[in-house]
Amino acid sequence: MLNVEIGKLHFKNPLILASGILDEAGETMLRIAKSGAGGIVTKSIGKEPREGYENPVVYELPCGLLNAMGLPNPGIENYEDEIKIAKKGGVPIIGSIFGSNPEEFSYLAKKMEDYGADAVELNLSCPHAKGYGMEVGTDLELVEEIVDSVKREIKIPVWAKLTPNTSNIVEIAKAVENADALVLINTLKAMAIDIDAKRPVLKNVFGGLSGKAIKPIGIRAVYEVYREVGKPIIGVGGIENGRDAIEYIMAGASAVEIGTAIYTRGIGIFKEIAKEMEGWMRKNGYSKISQMVGIAQVR
Amino acid sequence: MMYRVVKIEKIKEETPTIKTFFFKDDSKPKPGQFYMIWLPGVDEFPMSISHIGNKKAFTVKRIGKGTTAMHKLKEGDKLWIRGPYGRGFKIENGYALIIGGGSGMATLGPLIERVEGDIIIAARTKDELLFLDRFKDRNVYIATDDGSAGFKGFATDLAKDMMEKRDYSIIYTCGPEIMMRKIIDMAIERGIKVQASLERLMKCGIGICDSCSINGYRVCVDGPVFSEKELVKMEDLGKYKRDSSGRRVPI
Amino acid sequence: MLNVEIGKLHFKNPLILASGILDEAGETMLRIAKSGAGGIVTKSIGKEPREGYENPVVYELPCGLLNAMGLPNPGIENYEDEIKIAKKGGVPIIGSIFGSNPEEFSYLAKKMEDYGADAVELNLSCPHAKGYGMEVGTDLELVEEIVDSVKREIKIPVWAKLTPNTSNIVEIAKAVENADALVLINTLKAMAIDIDAKRPVLKNVFGGLSGKAIKPIGIRAVYEVYREVGKPIIGVGGIENGRDAIEYIMAGASAVEIGTAIYTRGIGIFKEIAKEMEGWMRKNGYSKISQMVGIAQVR
Amino acid sequence: MMYRVVKIEKIKEETPTIKTFFFKDDSKPKPGQFYMIWLPGVDEFPMSISHIGNKKAFTVKRIGKGTTAMHKLKEGDKLWIRGPYGRGFKIENGYALIIGGGSGMATLGPLIERVEGDIIIAARTKDELLFLDRFKDRNVYIATDDGSAGFKGFATDLAKDMMEKRDYSIIYTCGPEIMMRKIIDMAIERGIKVQASLERLMKCGIGICDSCSINGYRVCVDGPVFSEKELVKMEDLGKYKRDSSGRRVPI
């Protein structure tokens, strides 16, 4: 009852592992796949190996997590094995990539396709890496060019992941309308200071806020974009249980991604949320996810 | 969990490269669990709890930037910590063999206080033997690479001898990964239960970043202590690690 | 030990009541003043009386509040008495105003000055009122004009309150650099759906997220703006205790405003937070707020 | 507090304009507390709890959009509620006089079950008298404006008569504000304790929006029940209210 189609891709359930959480190593992804995730987005991969920022890179807040990993990744040339291992899980593997221009994105996308990824997700939205992510993702012409150029380069679906750090996410969504699906949202630019240490906690000072705190912002982004853009939406941000997932779906998402909540509920979260969703759907007379997509839209 | 600040109440020089930092804190760690220590402006790194109870402690080997900065701290200085994290040792019945290599003894300290058994303390050289003092009333066996004290050679060789002489119910170990790999293989071969506390590069410490993973297991949350059932599946143990970028590289 | 100066205004403590929370009626403001607030910002007042949106206008979330009041207010012509009554509290009263163009803002500001307000706060940042707030507040030229025009019109200090719903708050802060102080941040545009009702909770659909959830975003905004703009900053967003207030101050705020936490801790919160701050300051060897302003900045 | 959904188990027609909606809910309200009821797509409004315990209820007078929609609901339909909110009645020792005007009796219902005293049930006309049935075994006195039952005239006049005949320890009242204003003045004049449950326009229900405030008191959090110490300070009571825009207007 939970299976969904996003374009030509089939998912046994709409609960996809979000990029950056337990998805750098192939075997970890394989484990998550076996734990019940409907699909997996890899850590964002760039052209060269990157060590990321020094510790602290993660800080636990009362209502979520703050992170500035700094896009650590082994580099695309070292990533073939990880994808191959992850693929053994039998669920779609979506290769997340980041770059600073259309050429870089296209190159990375082609590699992901060659490695066997089922789709690519363009990270146009990391809030704390200079020259990447949201610095790219709020330049309307640039994101349009990136999407178009990647679309020309590969045959597998292209998902565009957008930043909520903007005054108008609909505008960005329209600029990337050529993508096959939109992923909303990445983290909010944020920081924390330890007053006893008298300094920012994250080594990079700025980081991204994820988890419970940002769910109302993610829901709003999905709701806003759904009414203006005719592409499937993947909702992300603060999903911790079946009700949260259904809330995103009613706002307009066809599927969701889950990150931070793995820290609170563990790797078993995918199976658990699937069960929670099924329970609610049965009680409320729904037999398919698609029956609920966007039904909370008030016109 | 946000940081809490603890004051260093006492510092003990254990060896030329290892110091123990005592502090008070309300948390209730189990042997084998660890904390993330933040030195503001310097670094954050994982550290096992080496003394449990009212007076807690970290026992720290000077390795690089973070631990060197820590060694410069004085009594009265502060540490920012979060934890305890991870899954510690599961105490098994019966007589144990406990094998600590180098600073690995730090992790084993609280466990040793709670189990009966023979203890191998191993180090490169005599001066680097950790906790000789602390466990002077116990059945301690010593191994040094250079033979400056006790058995001359690797801990693994001494352990092998001892396993041949006596039936141990369980082996606990912490130390260099290559040492642990051998110990684990020997234990499994002989059908002896074994628990090993692993060390891998840690960034988040809370199970989300994948930097500490080994063959699908997260050292920070699923470990750091693993038992034979899991250890046999870790093909990379003692052979490959992941560097800071996540690249799989030979150890 | 808590007294601060913001430009020529003197506050006995840096804990100011935020706009929109218990500050529509003069007597309520008077009560808050007597309860220990260092200053009071009024509800945002416009030219005409406005009923605001229909209920529900407020929704309690696990990590904060969602609100879409819809800028209800009695209209500036009916507001003289309220200011006069509030002034009896003996602390600075800052008249918050909203409009859609420089003329409206100037008119309202002049009235506030005439009524005896000690300063005006320009609401350039409400995330859910069509034609006002952030729709105005993200147009760089328009906000600059508004500030300049208000500055020409009145003698009392002008505070500009900015929206975090932008990709670059520093840019906006620079556009309003003629203001005497910057107030950061207003709420984040957000929403919530009740899945059992299958519809958005707020009657207006979209609202603003405040409280604990947004503190890391507010801290980031203050930190970012402090290093680029040479004007005093008032920090707002998710302050619930003395540590939170000090965190904002170390990020660069000279004072703070408190809203949502009144709901969790009650009206006594100002006295309580003042005490918590004094306790921490004493223990850590600070005798003045100004000694802590911006000290967490890493250069 | 987020909404929870409760099912209407029974609906009772109390008067031509008032219905009681029974439901089950785990909250533990005190007499005089209220909930916010949301009818999705229609409105959200405050409602006192009129029956406490295992079977709870709201007793609702049809007034405008929201309450009219509520009156159209059937058994088995759902309500979205948050609460209980506010400060209820503080039960005082001694014999009480309880005065309920119109739907004000809804608020007083649970209190009446918990105190000893005389009860005045007042309404415009006989058909609108609320809870006659529920309190048929109690000392109930009736007043109707049109004299169709009991005392002909206002509740205040009947109350005055009764206060002259007997010494009450405490007066509890809920009803039209002008009625309450008079009762309060009479009580204070005579040195009798008095508690009144006020109704003001409510938006947030949780003490932050200022829409329900009267002379610096928030009805939703500081009230809705106030006692003489506070009531004497409310100059606007019975005279001025605030409209939806916050304007102070004569009642």
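Chains here go by letter, A, B, C and D, matching the order in which they are written, and residues are numbered from 1 within each.
Here is the rule we use: contacts are C-beta pairs under 8 Å (C-beta built on N, C-alpha and C of every residue); 3 or more make two chains touch, one makes a residue touch a chain.
Every value quoted in this text rests on a predicted model; they were computed, and no experiment measured them.
Trainee: In how few steps can one go from chain A to chain D if every step must land on a touching chain?
Mentor: Counted as steps through touching chains, the separation is 2.
Trainee: For chain A and chain C, what's the span in angstrom between their mean Cα positions?
Mentor: Averaging C-alpha atoms per chain gives centres 33 Å apart.
Trainee: As a quick test, compute the distance in whole Å between the mean CA positions of chain A and chain B.
Mentor: Computed from C-alpha means, the inter-chain centre distance equals 36 Å.
Trainee: Measure off the straight-line distance from the CA centroid of chain B to the CA centroid of chain C, and report it in whole Å.
Mentor: Between these chains, centre-to-centre, one finds 51 Å.
Trainee: List the centre-to-centre spacing of chain B and chain D in whole Å, with centres computed as mean CA coordinates.
Mentor: From the centre of chain B to the centre of chain D is 67 Å.
Trainee: Could you list the positions in chain C whose residues touch two or more of the other chains?
Mentor: Within chain C, residues 61-62, 196, 198-199 contact more than one other chain.
Trainee: Which word fits the touch map of the chains here: line, ring, star, complete or other?
Mentor: Line.
Trainee: Could you run through all the chain pairs that touch each other?
Mentor: In this structure, the chains touch in these pairs: A-B, A-C, C-D.
Trainee: Mind listing the chain D positions that touch chain C in their complex?
Mentor: 1-3, 5, 36, 38, 40-41, 43-45, 78, 80, 82, 203-211, 213, 215-216, 218, 242-248
Trainee: Residues of chain A touching chain C in their complex?
Mentor: For this pair, the touching residues of chain A are 61-64, 66, 134, 138, 163, 165-168, 188-193, 195-196, 198-200, 205-206, 209, 212-214, 216-217, 219-220, 223-224, 243, 246-247, 250-251, 280, 284, 295-296, 298.
Trainee: Residues of chain C touching chain D in their complex?
Mentor: Interface residues on the chain C side: 20-25, 27-28, 30-31, 43, 49-52, 54-62, 65, 67, 69, 72-75, 78, 81, 194, 196-199, 201, 259-260, 262-263, 266.
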